[in-house]
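Next come the structures, one after another.
Two complexes follow with chain A in common, the first pairing it with chain B and the second with chain C.
The block that comes next holds the complex of A and B.
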């Protein structure tokens, strides 16, 4: 009880609240700006925490992370340029919702889901830290492979209009993920002697090109005077607070997203983007209308947003208990611990008993602050939509260039974005799923590497994937997720007498 | 028709990559039965089968009338793409601020926005704003250009 009171007094002291508020606001802004993201936001604020009390410093950095994960949804929804990698899946349904004049509701849903995800993972972190860290250690290559397959399984739903085209797009994404140095043999694959391809093709420039720049081409091609949906987008662009009744009607989606995010966050090296894809796939799998995903479905925003924010708390579990960072941002926060003379690991909880609870209360406070700062930042961002389309188009193009460039301070990434703008334009025009393509690119490398590592571990035997219980369960779920749209189609055709 | 042409190009690209994949040989890791070429080859074969299916279905379908883009719109889009390419090429020569200002101004005019003064002010504000935000506050090393542009850029970011 004494520790709880001490933690509360630290977290809710005026100075801590000021730092946390600034951290959350800074995080939301960095998240919303393409090319920055949570890691950059935390790194930028890290030097300011040197002089702070260790606990206040750490909770400020956690607040930045919470804000940045949520902020990524703003540009995903409004501009189709994901602010952070973990907001990629939000683009699938967020942008179509904005185009339908529901941008404000989409933003409200994204922030509500982020708040719920963060709070859920904070509670999970406090209650089940030792247990969860043990579960995390059970995840090996076979489980990673199964997780990647689970993420990929929603391809069949994303291509409701034409399954073959969706699968083809996903295959191209998978093929693209093989470019670069092979991490097992060190072989250069499809690099054609180009140095910049050795590290592979990052999905951020590809996304910027295939989504944002291609969208500008398409709009220019449709009408020279600008966006036909402009007025309807503006009408619904005011940030909408989601009523409790609406939250309760979709409680399963919030809960599932939060659970998936927390678990994936705990697994070292998984991260928010994978969590968002898995949560999205699971939502598609369990939906009665999977064919509607990708057209502006509310669940398509709630699932990825609750899961990517739940990753924040999840990633703190192995960081605090085992000294193994659960994500790149957690690794930076771990560095902050060390700068303050603390060593994350089993002894930390004994040496700093108030730390765990302070992070818990800090996460809850910064999550609630998201509503305030989310509304403010989203309001400023929606003003962008009021610009005449020629100005808006230029803003998207330049932001896209900066977003791709700032990834590695390399113009090659900008040219990659340029090249993939044509791929995105072709895909949009002829009904290929750009989302499936991106999904393949993001998860391809994880799928291939973990598959090969597992084969090496199990002496070349494929049975290793099904003899491990967690892997088997995830594989079965993936199969069910992949086949469910086909099964539903078959059943509805049978009901209507189309199939005997 | 354009879709078929696009698919044919992709088909040729896939065949080329498949041939390339046979040369992917490195240090053999024991029990790595898939090897560095296995996964790409599997994906290429799958892609090719799907591509053949899509192409065959397209040819079987009656030719749908494609929505044709007017010549005027084609011209605007073409110039927009060329301007963008020129902008990317100029980034390493003129630096971020100048090339972005010029690109924005010309790009806006190309999209038939008639208010020239507003376009110029917007271009300046956009490139200046992004330079301050990313270059000064977030310390992103934006392209500086060469020669005098490089020297001048150090005053800004």
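The block that comes next holds the complex of A and C.
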């Protein structure tokens, strides 16, 4: 009890509230700007925490992470430019919703889901840290591979219109993910002696090109005659608070997204983008109308946004108990612990008993602040939709170029973005699924790497994937997810009676 | 008549331009002579060829913030991650040799040179400035591992060649070199499993997927203090007596294994940077190293366990010997 009061007094002291509010706001803005992700946001604020009390410093950085994970949805929804890697899945349904004139509602859903995800994971972190830390160790190479496969399994749902084309796009993505230095032997693959290909084709510039820039081409092509639906887009652009009743009717989606995010967060080195993909594909799998996803379904925003924020709390679990960062951002926060002379691990809980609870209260406070800052930042960002399309298109291009360049400060990535803008444009035009393509590219590397590691460890035997219980369960789930659209089609065809 | 005036005007302007250039050129030459005083005139950029948040990045950000105060101009840190440190290396190799662009380097760059990776040659394209931190590699096993000591592992490894699994990051990089180099010196064979990130390696050893965990002493100590890892050997020629937790851990040389290797983090500039500027930068780095601010910070995060500053001349010699070593073990693959 004494510890609780102490942590409350630390978190709710005026000074730490100021730092936390600033941290959350800074995070939301960085998240919303493509090219400044959660990692960069935390790094930029890190030097300012040197002089702070360690606990205040850490909760400020956690607040930045909470803000950035949520802020990424803003540009995903409004511009189809994912603000952070973990907001990729949000573009699938967020942007179509905005196009239907429901941008404000989409933003409201995204922030509500983010708040619920953060709070859920904070509670999970507080209650179950000692228990959950062992979960982190259950996930080894075999399980990583199965998880990647689960993420990939939603390609059959993403391409509801034409399965063959969706599969083709996914395979192309998988193929592209093999470019660069291979991660097991360090062999150069498909680099053609070009040094910029050594590190492979990163998915961020590809995504910016294939989604954002391709969309610009398409809109210009479609509406060269004039502004088609802009007035309706604008009407609904006001940030909408989601009613509690609304939340309750979709409680399953919020809860599932939060649970998936927390678990993926706990798994070392797996971050918000993977969590968002898995939550999205699970939502599609369990939906009664999977074919509607991708056209602006509310669940398609809730699932990824609740899970990428739930990752924040989840990733703190192994960081605090084992000294193993649960996500790339948690790795930076761990470095912050070290700079304050603290050693993450079981001793930390003994040395700084107030730390765990302070992080818990800090996360709750910054999550609630998200509503306020989300509204403010989103309001400012929605103003850009008032621009006439030629100007808006310019802005999207500029943000896209900056986002691609700032990834590694490399001009080659900008060219990659433009190259894939044509791929995205023609994919859209001829009904190939860009999302399947990106999914293949993002998850291909994880799948290949973990599969080959497992094979090295097992001496070449494939049995490891099915003899490890968690891996087997995930594999079966992905099989179910992959086959469910076919099964549904089959069932409905039988019901309508034409098939023998 | 009109035409004449025009030609006159042109002639005059050309003449004026030339006269304007003469003193400018003169002052430039003067500037060359007093360069040590004249540098830096604008912000300095330090390129970290790795992502934000790693030990190289954290060190460079500390250095930059103290360096700013010493040189009186902003010192900016730029991350150019990619290709295992090569992207940033290539970038600095193409920057002007004026001392305004520094490259933060690690053994990865010496390894890239040893392996002959395209466009990356530490010796041909760079001049040493100074080394800043030195780390020593340690091996350990999980607390609940069936192996209790180095002898246990070596005995098992001799009976079962290629069965003892050791993890590390970056294929063909420093970790693989240390795993293979140690095994070779000990007369055994390990199975090396490369992971994407240090976090994955840690989870893999605690989850029992691999047997040996290797890491640099600072990160290693974190795991030992967290009571997760039992240290078994330090790759050094003497025990690390100054660290309480590692006092009773044997070093490789005392076990008769002639293999020592650590990691180092320092700075380089492009080849051809004038000597006075290089001397000045080395001096500044030394001042940063000795500054009370850095002393205090490095004490807190334990990066001062092994004295790290090495001056330009010795640093250059170190590059040559390191690259030769890497060539011997990694080049034969």
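The working rule: the second predicted complex is superposed on the first by the 497 of 500 C-alpha atoms of A that agree within 3 Å, B and C clash if a C-alpha of one lies under 4 Å from a C-alpha of the other, contacts with A are read in each partner's own complex, and residues count from 1 in each chain.
Simple rule for what comes next: a residue touches a chain if its C-beta (ideal position, glycine included) is under 8 Å from a C-beta of that chain, and two chains touch if they have at least 3 such contacts.
Small disclaimer: the values here were computed from a predicted structure and weren't measured.
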item	value
Partner chain in contact with A:39 - chain B first, chain C second, else both or neither	second
Partner chain(s) touched by A:292 [first = chain B, second = chain C, both, neither]	neither
Touching partner for A:402 - first (chain B), second (chain C), both, neither	first
First, second, both or neither for A:139, with chain B first and chain C second	second
Partner chain(s) touched by A:448 [first = chain B, second = chain C, both, neither]	first
Touched partner set for A:379, first chain B, second chain C, both or neither	neither
First, second, both or neither for A:47, with chain B first and chain C second	second
First, second, both or neither for A:460, with chain B first and chain C second	first
Which superposed partner A:164 touches (first chain B, second chain C, both, neither)	first
Chain B/chain C common contact set on chain A	40, 182, 184-186, 409, 456
For the chain C and chain A complex, residues of the former touching the latter	51-53, 57-58, 61, 65, 78-84, 86-87, 90-91, 118-119, 165, 170-173, 191, 193-197, 199-200, 202-204, 206-210, 218, 221-223, 225-228, 297, 300-302
Residues of chain A defined as touching chain C within the complex	39-40, 42-43, 46-47, 136-141, 180-186, 193, 195-196, 198-199, 267-269, 318, 322-326, 328, 331-332, 335, 338-341, 343-347, 408-410, 449, 453, 456-457
Contact set on chain B toward chain A in their complex	2-3, 6, 10, 17, 20-21, 24-36, 39-40, 43-44, 46-47, 50-51, 53-54, 57, 69, 72-74, 76-77, 80-81, 84-85, 87-88, 91-92, 100, 103-104, 107-108, 111-113, 119, 122-123, 126-127, 130, 133-134, 138-143
Footprint of chain B on chain A - complex, ascending	30, 33, 35-36, 40, 44, 164-165, 167-168, 171-172, 174-175, 178, 182, 184-187, 189-190, 213, 216-217, 220-226, 388-391, 393-395, 397-399, 401-402, 405-406, 409, 411, 414-415, 418, 426, 429-430, 448, 451-452, 455-456, 459-460
